[in-house]
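Following this line, the structures themselves.
In what follows, chain A forms one complex with chain B and a second complex with chain C.
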Partner chain A sequence: MAYLSTIDFFEDKNFLDRWKRNLKGDLDLSWMQAKTEKIAVTPENPRRGLTFRDLDKGTYGFTNQPEFERRNRSFAPRGAELPEGLPDVQAEVSQKGEVWAYNTEGYYEEAMTRQWNATLDVPWHDLAKTELPDEISRAYAQLLTFLTEVEMIATDVPAEWMGKLNNNFTEVKNFMATQVMDEARHAEVFRKRALTTGYGLMKASPQNEISLKQIRDADSFAEMSLSLHLIGEGFVLTLFRFSEYISPTEADKKMFRLVMQDEARHVGYGVQHLKWVMRHFPEKREVIHKHLEEAENMLFGGGNALEVTEPFIILAGKGLKKENIEQGAKITAMFQLKQMEEYFERLDKCGLGERRKTSKLHRAMELTRASLQEAGVIA
Partner chain B sequence: MTLDAKLSTYMAYYLEKDFFEDVDMFNLVSKVMQGDLTLRWYNADTEHVRLFPKDRERGLTYEDCNVGSYGYDHMPELIRNNYSMAPRGSELWGKLPDLGYTVNRKSEVWSDNVVALYEEAKTRRWAPAVDVAWDDLTKTPLPPNLEAAMAQLCTFLQECATVVMSVSSRWIYSINQEFLELKSYLCAQILDQARHIEVFRKRALLGGQGLKRASVTAEQALKEILGAETYIEASLGGNLMLGSFLLSVYRQIAAVAPSLAERKLFSLVTQDAARLVGYGSGHVRYYIAHLPQQEVKLHSYLDTAEHCLLGILGSEEYLEPLIILAGGGTTPAEVKTGSSRVVRFLSQTVAAYLERCERAGLQGRAQRSRLPQYLQRIIHSQ
Partner chain C sequence: MSIMFPSLSFFQALQNTMRQEEARFRRLGFIDTTFGVHVLGPHGQEWRYLLAFEVFDCREVSEVRDFDLTATDFVLQGDLAAWTEMLTNIQRNKGADVEHSLNTLTHFGERLQMIYDDPDNRDKFFRFQESIQQFFDLTHTLELEFPPSVSRQTATAV
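Right after this comes the complex of A and B.
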């Protein structure tokens, strides 16, 4: 076994004696005088209920949390009395700046109130009655296969990191718990939709997977969050928005609106986390640029995988005829341009506007824009 | 750049190539964007299905999707062909990455009720911010001693929920993606526990006494449970043993809850804990049914680990507030009443846990376990 308690409770006489005394009515009650803060808490807005923001007071709050969590290394909740002898659970991340984002608590509360159910909230019965042209069904099934593949990584990665964070980061860990569930639901809904198309799942995408592995193997929380929340999910959010636009039925549009809601929260966390880092740790700018170089490579590789580009072209053009493909390619190029533009806009908001000057992805974006202008698709 | 900054530019994984410099990819994508599609995915070698909900009211469940190569029934015992992100049933081709999964045997993770539990977790979701009558609790405060006991109990229960959450979160990453339904259920379990941490924190702070004292004895025991070296041990310790304890505690507190709002709160967490135990029991049952030779190892694990349950049951930070809540106060008469109720409760908790072990296939656990004998010593000393 990896860890053995410092006490063998079957053999510890003091433990047994105290237990006997307790049950005879001889209570110690020293915990009643715990040296913790007494605060008054009420729901500020009864319609919203009692939120984490309402608890942001004194030693229990997140605002006054120190930058380095040096004292609590155990399972104890933030603000509790920490007696001698608590175990060290070996948290790997104990610095607030590594994990915190503006509005983390808000994202968490929103996630909890906006949980939805892939089994019931998509009108599957209506979809079963809808007949789509063969090429549209195939293209859609392929796009859904790609999306299922993408979502998988987003369940594993936050789950893995949750266990590495100091337990004083209650709101961040809880937010990540909601993300884990959101992503499981996305994998579920895309899988189910693929299995209702008449084709089932299609081909996996090696190029996409080789790229996404970078997120899974990130070796710091900051690196993971940049790659997952800001970049990966940012691109997927735009993908969902365009997928809603090109999706073949109203039920599909509803499905994409639901997943977009969740994804927007994850991207929101990523942006607000990077903002926090840039404002509090400007010295990390250079390191972030270094991470972005490889993360943009991941994005460029994954985004250009044909298992997503080609079905997207067919769905956007609504068919396989020459004119459909032509139209679909234009829309797809505009979509790719939008993905990149939104990514750089997010970086601007975080104070990393200079990224445009050195980024290879930015050069790719300018090339795409130029070719669309040349073709007369955009002004 | 500072030394710190230089060191943190290290990355664990670099992509196989710089896609920005990949001329072949650039040419291929250019051709595609000019309308010359490869359509290499168009005739994927996968099973064609068109599924629909068998019961409209229930929606499209994972059970409805349990079909052919997409289903979980036909999954092989050992996953040898897929270590990637590719969803079960899709066509695997080319050089898919190895994600380093270390749990690749169905019997090590599966439970026959996992799909039903996942669906239930989603339909029974609740939100502590709005589903507990916080206003009522504010309007009808408890007497100070009872409030202190509730605050202490809620502090303790956050420690337990943190560990249950950690058991799932630390293993998901290592479990092969082919076990999709199981991993999805674990995600739901993580969210359940996050919700419990939240609701107990909110309840403790609402009463005005703040949080109380963390428990050294309970945390030592909890760390040992979390430190299990295999997933089946982690599940046996975290879901079945610790889960059984929590289920009993929540039920007990719901029964002695000082207000309707608290009764509702503990009824809600009881629902979630029942799933936790349902999975833990089902998992062990499935494991033993498929790997009967391993039963002895599970007994052996519990021989060592059951002292953790004792450490949790007997921790002062749990036992004393429970006595006060069960008796309704701290006068000698109330403490006496509380103690006798807690003694009954402790016996029931251990009995329920051992019964679940037996039903899960751990035959003779009740006889082999040292827990009943130990408890008898305490009870007879009263």
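Right after this comes the complex of A and C.
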């Protein structure tokens, strides 16, 4: 037991006297005079309900929150009176710019209303209507194994960071909580789908897991958000869309549409966070580039692991015959090109367009494009 | 009474049907996006519609001359035959089949293309994917009519 109370309440005379008086109805009531702001709050749009944006007022709001949270170091909710004696919970992040994103409160509300249920919202009984060839089922089970692996780390990471943030970052912490639930649901739905293929889980991917470990071990929230929200989830969003595209059944299509929605919301937070950082802290540009260099390296290795790309080739080409493989390889290369294009598009909009000139991943993208052009797949 | 596609009446009918299905769309969550539908006819005709969604509703549908991509999250664009094939498929299956979901048709831009200015706004297509798909899936409740030349082409394609 590392943290002990500074008072032994069972032996403290003052505390015990107060307790006894309280039992007899002798109330103190000093808390009724809390020195906090009294405000009127109503929903701006009754159809939408009472949102965090409706609460963005005075000391309760996020707009006028200071850049550095120097006063509240406790569990006290933003806007409450901070009496003497509150513990210092030693938040690791107390700077707003480290965590804030444009529209954080909107992403949270959206997440709360768009929750779904992996047990009930996927028409599992419909899966029995479609029997898939052996190689397709195996490839699909491998893809689902990889996705389960990815989603487990995506659950752990925001959960780990939530407790490290200053408690005044209410909206960010709540958004992170929705992400934890989203990712846990993704791990659940992919595990369930893998086991319904009849082939169970297949092989874990060391190359991919090294990349995932980098996200988990990020040195700062900003690094974690770049690796997880912007890069990792950005690539996975395109992957979910591609998976919907090649899905063999309507139940699978629905599953990928549902996970896609959550993933796009997380990417949205990541993009808006990076935009916020670039606008308010332009001096961080070089640090961001340094981090992106290694993150892109990891991503390139993890994303091109055999256990990841080969199932895609088989699923996209719809089989293992030579002509299937040729077709599948072309479609998978198109998908990978799309992943990289969308990543650089997002960086452009965040004000990091110069990354196209220095990034090795950008060179890999141009090589992929040239190869597809040479094969006559794209113009 | 049958409704012609493409027409403003078609989108108004979907808007009304969405209102009647409020519980279903409320369950899917907030949908806050404004996007365009651009239909390209075989003889150079063009139809442009703007669909504005807010909270749980399709707040407004309108026919427009042009799209302002700074005020429109994205535009779904395709030729009349592709739109007709998708809608006919939805009618036949009471919802899009594996070949005709909006994501599948737009993913590589083979049948429908996504036009956008800001990728973050474009991503709203994915953030609200199930709501948008189910909105178009409501087509199965409508009796539709297509321009004669397209009807003949899609009868064999679907």
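The rule is simple: the second predicted complex is superposed on the first by the 378 of 379 C-alpha atoms of A that agree within 3 Å, B and C clash if a C-alpha of one lies under 4 Å from a C-alpha of the other, contacts with A are read in each partner's own complex, and residues count from 1 in each chain.
The rule is short, and it goes like this: contacts are C-beta pairs under 8 Å (C-beta built on N, C-alpha and C of every residue); 3 or more make two chains touch, one makes a residue touch a chain.
Only a predicted model underlies this, so the values are computations on that prediction, with no experimental measurement involved.
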| item | value |
| --- | --- |
| First (chain B), second (chain C), both or neither touched by A:Ala91 | neither |
| Chain B versus chain C as contact partner of A:Ala329, first or second or both or neither | first |
| Chain B versus chain C as contact partner of A:Met278, first or second or both or neither | neither |
| Touched partner set for A:Gly25, first chain B, second chain C, both or neither | first |
| Partner chain(s) touched by A:Gly268 [first = chain B, second = chain C, both, neither] | second |
| Which of chain B and chain C A:Leu132 touches, first, second, both or neither | neither |
| Touch count on chain A, higher of chain B and chain C | B |
| Touching partner for A:Gln115 - first (chain B), second (chain C), both, neither | both |
| Which of chain B and chain C A:Leu372 touches, first, second, both or neither | neither |
| Which of chain B and chain C A:Ser220 touches, first, second, both or neither | first |
| Common interface positions of chain A, toward chain B and toward chain C | 48, 109, 113, 115 |
| Contacting residues of chain A [partner chain C, same complex] | 45, 47-48, 106, 109-110, 113-115, 237, 241-242, 244-245, 247-250, 253-254, 256-258, 260-261, 263-265, 267-268, 271-272, 334, 338, 342, 345-346, 349 |
| Chain A-touching residues of chain C, taken from the complex the two chains share | 28-30, 32, 55-57, 95, 97-98, 101, 103-104, 107-108, 118-120, 123-124, 126-130, 133 |
